[in-house]
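Next come two complexes built around chain A: one with chain B, the other with chain C.
Coming up: the complex of A and B.
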């Protein structure tokens, strides 16, 4: 497709039952009541000149270019602020209007540099377009008056420049920051002629301001004032391809705007139903890793991890790998082999990796990174509701009255959804935050939580059960909902259980650290405040009682009748782009695609007939069990696609020992990641820009990923897996991922109606898509629960075995930051390091004072498992007794200190609670020194041998 | 008492008030002689606004200044009516009289159009000014 900007309707879409019909330049058009005349004109193919209007922010009426004449009305009203009315007769082009518009345009141009030919927005500039549209021929005012042409450019942001000399002060950027992003980082400084767009205060530039670099202002700018540096460097794009972001589980869709094989910029796609035209700093700007010098594009092998890597051909690499795998299977049986699928890769790639393990390796030893994040969600929601997924779409939040956020930090980890949530909160919805840390949502401009329950890490179940206690004992249960929709016996047992005095807020407040009165008020608000929606993240799941917490959340939603309609529900915020999809595709050792147990003979035989193999009927090993089995010699080979378990999994030293004990570690990735330090085979991977497939986001929305450039490594990831399968003699012959999706649809009732053709035609589908839900299901459990009746589950609070004591008196909890993503493999290789170049440890002022620490000091962070060093940041965002850090940087390796305690049901690691001590330090820990040395040694690549 | 504490005190006086931003900025300007970048940030934090929002409001009004100016200030009306009644002819004399000691500020209408040229010193408006009257007003500042 050739390059053109996405159509701009001028003002936002209006949803109204009532329709009005009007005539615009003799054309009849019918639009929802409340739609602006400007938008109505655009709907019928017209185009009224405009500068200050754009369809992702409310009408402003300042540029005076969009004036129209309306029969029977005086004057020339602005079409952006005039609602269409039944029977209106509008003229958009008359001599009077043309004269007015030209006059306005002359004023704009009299203070604008006339450097169009050398401007980076040339031929992609709305000011230029509108000058042409109004027929500007000269500027009567001349160019000798005062102007802003000398204003200096602000280049402080790494991704875009702000050149006020080209600014027409239309306020689109300011309004986009306010309305779309909700950060309110921009303003108009001064008044009258001196008015200038300003990031923050006089003392600020863009980088030092409150700007979070989401790009909404750049997208809104009609001129070259706010523009991507990449456009300045590369030039105007010449084509665009719509694809899906590969960062978090929000699943934003973007137009990848290309010039030849070069990506110029990623612009959020306004028709994307997950992001509705918005983006964050990661998806919008942090794609430079795709061409980073560290990227490995040639396969490499080595006999042992003590040798340097040898670059080899694909044929040699695959033969080497298949040979090793065969030998190990002959010596130790199929259960000595396994694989890990990636939540970063497509559904099709994930499906093929688990198929390779089950059908090719011959074991069920396949697991996925969801093991360490949302496996308790799968277990908990399947048990209570009958299906392993969130119940709503993102749009649902716009109908919520009370939002309960627990163990999630959306403004950092799911920023695009957070912007939508904040928009609803600014409209008046109430907010309850349950988090040990004072996250931004607790208090940031125009947002304030009604209640912040700053609980002690590890006491989620106690807090939620205490909320249930209040709801049951005060009589706030939605009796009708429970009677109609839930299992009566289970509810009776549960309500008796939570009503016990030992679950009262007063009884538990010493355990949880949450004052009883605050908890009571929060519980009342949630139960009585209207539509109540619960959003949660890894602060819920990554605990020894992760699954219990998920079920306690489900109990709370059912007891208050907050399931089965827009505005309510239980919503896990998925960390990775395709973690939902990876789970759906049969990545767990006990489940085939669509969450069907491997021991179910009927399901197994369906796959056996299709794949023409016999499947092992016993669940395979989970990741931690694979590592344990490696240490006792019974698990010897692993194929890891797109995951860096050494850095991301808990208890790094245990992971390292397990990997080191294996005979064949195959890492399939973009970079020599930390896990690759223990690998024998490195298969280069392809980025999301280089492949076709689908991702499934946190709202179960399946969206197409489209190839915009050729894979630098020569093969898309699914092709690599197929090549490995065929090296093992499996004879796969897929020629396109759509065939893999057809196979998934054929074998999985949940996806029976999904195909690439439908996704191409409809943009996205929210599973289930089958006979019962032919067009998918934005909201689940509307008529009844998937399992029939909702099941209340008794959730007894059991404190974790990880306890503080004299040696380790503080509790460490971990999380993410906006600019970095997960282990940082991608974001560390972009300019995002400007915002976060190292992990820091947040320490409460009291704890810091006791230890003689101040911000910036190096500290030693030690647990029973290990120790590392990093810089301290003294802040009261954390409560006394709690410290917090991120895990984005391999130099820190925060997971050296985390433990191997895990969720009782799913083995999801307890990242969020580690007893630690913090002390001043003057150098790296022994582990850091040893690891740095090993890492340097292991990453050596032997020089190519000279040709004979 | 530090500026920060004084601002905190002013913020406390306005607690619970609807639309507190402008009254607060006025009190800060009166008390500290300016609304500095730090003051804007402190007000933003207190009212749960962004720093940019507070700056947008503060920079809109000329009566809020970023830095204190200890000099006395004479405001001279330069709007149409006073221009018609000859204020422009007085300006050079005013500037000479003010020198660096007195700050002259242009304002647009003091509400006494029929009796201009007008100027304001502290809370008093002076009308029917001629060159001598204006100079003596400036000298008295």
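Coming up: the complex of A and C.
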């Protein structure tokens, strides 16, 4: 495949029911009304010269290169700003137009350095293309129109450069930053030839500006002014492969642009339905970890965790592992063995890991990291709506009038979706934020939240019940919706419950910290402001009442009739790229793929016949319980694919003790992660660039992941799992992941209509895909809930047992930031560290003053569980009494202080509430020092013995 | 497994069902434990009934007794209704 830029239609797609037909250069074309003449021409295969127009930003009409003639009209209008009309007759190539265009082009070129042959964008430059297209031969104005040819290049951003000498001031970058990203970091300073793009203040460079390095401006730039450094270093790409981002649950699709076996750049794919041509700094730029020096590519084993690692062949590693697993099974039975599937890996890989545990190990002890993030979503939405997946697609937000964001920080954690949400908010939709911290969304360019309810951590249920109280007692319930769509008795019981005086905002304000009046206004706005959509994240689920909060959210959506059409709904913002898929594939210990319980004999026999084994009929252990069982000796071996539970799970000491108690810990990963400090076997993994498969994003959208280069470790992850299965005698013979998908489809009604061929043809499919929904389902519960009627559930506020007191007077809550991803295993190994070198602790000025702290001071953060040290940042983003940090760096290990309290229904850990004390400190805690020592010791690799 | 920890889990479940009354809460707790606990946790839970019954609140205690008596509680909430073998509707994705 040769390299071609993705087609640019010049102006954005218009969605309109009305169609118009016009003639362009004698060709008839029919387009939705409102489409530009430029786009209409592109739709019928023509191409009108252009410079300032590109199809992801609104037309601007400044360059005058796209002139056309229209029969019956005077002059030569710009085709990018002229809407197509019924019966129009357009000419795009006439001698008059050619002359005018050449004149325009001459002006541009007179202001442009003529070093095309040595320019890194040579042959991939729109200015060059357009100069050729208009047939420019010479420049009559001379080449001295420029007065910023000597301006220095801004190289401050680690991923792209800004070379103002090549800028043609088309302002595509400025508009991309405004319209696509919504950061508004760029402006055009000055006028005429002196005008120049600038990142904010004159003293700013890109790195110190508001820029979040999303790359939208780089993609929009028609010249080499804004260009990826990697293109300069590696050269122009020669081919491209469309694949899916492996970071977050938004599921952006990219063109991986390659030169030979080298990845040159990742360019967001405009046809991607989740991202529609946009990206964030992680997916766009932070892929360098794939070749990082820390990457381990040979299998390693060791007898005990106190010994150095030994590099061995795959055969030896697999024999060693299978031998240990067999011995443990003989000694302690199959229930002593288990595994953890990865939400970072593909559906096919996840399916195989749970199959290995159930069919090979013989137990149901399989779990996945959704345990620690969205398991309460599963429980809560299933109870109320009958099924748990998010109810909308991302596009839905463009129809919302009121957006309620609770316990989520989309601009940092789901940036591409956040850009879409911000676009809607700039158009006038109202915003309510419920969060203990003033997240960026509360106040950003041209956006201000109507209400920010800065509640005390741990009081979500109380706040939501108080909102319900207002809606019920003031008479704002959508009676028609409730009567038609919900169980009447349950509604009656619920409305009586929430109407009780003890649930009024006035009664609860001392508990929640939210002023009653603010809460009343927010509730009223949500109930009466038009289409209301609720978006939530881990600030909802990671609590001892996570499941109850999800049900309270569902109650609120049903009571206000905000379910079942675009613009409304309950939308969990999922963390990992394939957390939805990992759950769908049967990664939970109590159920097989498609959410069918393991105790159901019919379900088991379907799998037993296909897999030719007998399955255990009892649920297996969840991750925290695996660790508990390890301590009492009844759980002894674990296969962990692509997860770092030591760093990501709560109460690090407990996790460490559990892992240390096991006799066979198999870590299958890219790097020697923290968990590998306690491992006996290390199986090297492959990156998403090195494998084929599918991911399912937060909208239930299944998309293909395509291999763009050979795995550095020699095997894709599904092949490693298969090799381990075969070492245990299972005799698997998959030759491609598409065969695993065929098996999933054969065994799972939800995916009956999914296949790689189908995904290849459609681009993506939103499950369910089966007889009832042959093409998938973008919005759920349109005509009715999956199971009959919606069920209101009484959610009693039960305060967490994690209490503040004289020794631990503050509440710690944790989160993540834009440039780093979760435990940081990947992003810490990229230039993204320039934005976040270490985890810091945000402390309110009052709390800081009481403790004599300033920004930058080392502080000791202690809870009942443990302590760590990190630097303080004094800020009023957090409320008094609340402190906040991230968990991206193993040196900090924020989870040393988090507790093992968890959600009552799902055991999702209560990361978001820990009672702590903060005090000045002058160095690392004992745990940090001991752990650093252990970590160094445990990562030793013995030199290979010379061959005989 | 640690009795205090298991008892805490059982009590926590029961407490969140409190609002529906003792009998229903006990049944819902039994149903929940039946569907989500591994056999060794169930067995250790039954042992608490003999060795440390005081660790358990009334609903959690009743729930474990019900299960030990061999009752197989029908689903008490939709969270414990699962898809049948040929059904594609529900999910409890985390």
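Here is the rule we go by: the second predicted complex is superposed on the first by the 944 of 948 C-alpha atoms of A that agree within 3 Å, B and C clash if a C-alpha of one lies under 4 Å from a C-alpha of the other, contacts with A are read in each partner's own complex, and residues count from 1 in each chain.
Rule of thumb we're sticking to: a contact is a pair of C-beta atoms (placed from the backbone, for glycine too) under 8 Å apart; a residue touches a chain by one contact, two chains touch by 3 or more.
This structure is a prediction, so every number in the text was calculated from the model and none was measured.
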item: First (chain B), second (chain C), both or neither touched by A:370; value: second
item: First (chain B), second (chain C), both or neither touched by A:634; value: second
item: Chain B versus chain C as contact partner of A:101, first or second or both or neither; value: neither
item: Chain A residues touched by each partner, larger count belonging to chain B or chain C; value: C
item: Which superposed partner A:282 touches (first chain B, second chain C, both, neither); value: neither
item: Which superposed partner A:188 touches (first chain B, second chain C, both, neither); value: first
item: Partner chain(s) touched by A:386 [first = chain B, second = chain C, both, neither]; value: second
item: Intersection of the chain A residues that touch chain B with those that touch chain C; value: none
item: Contact set on chain A toward chain C in their complex; value: 335, 364-365, 368, 370-371, 373-379, 381-384, 386-389, 497, 544-545, 547-548, 579-580, 583-584, 588-591, 594-597, 599-600, 602-603, 606, 618-622, 625, 628-629, 631-632, 634, 748-752, 768, 770, 772, 786-787, 791, 793-794, 796, 798, 904-908
item: Residue ranges of chain C touching chain A (in the complex, touch as defined); value: 1-2, 5, 9, 12-13, 15-16, 18-20, 32, 35-41, 77-79, 81-94
item: Of all residues in chain B, those that touch chain A in their complex; value: 37, 40-41, 44, 48-53, 55-56, 59-60, 66
item: Contacting residues of chain A [partner chain B, same complex]; value: 183-191, 198-204, 209-210, 443-448
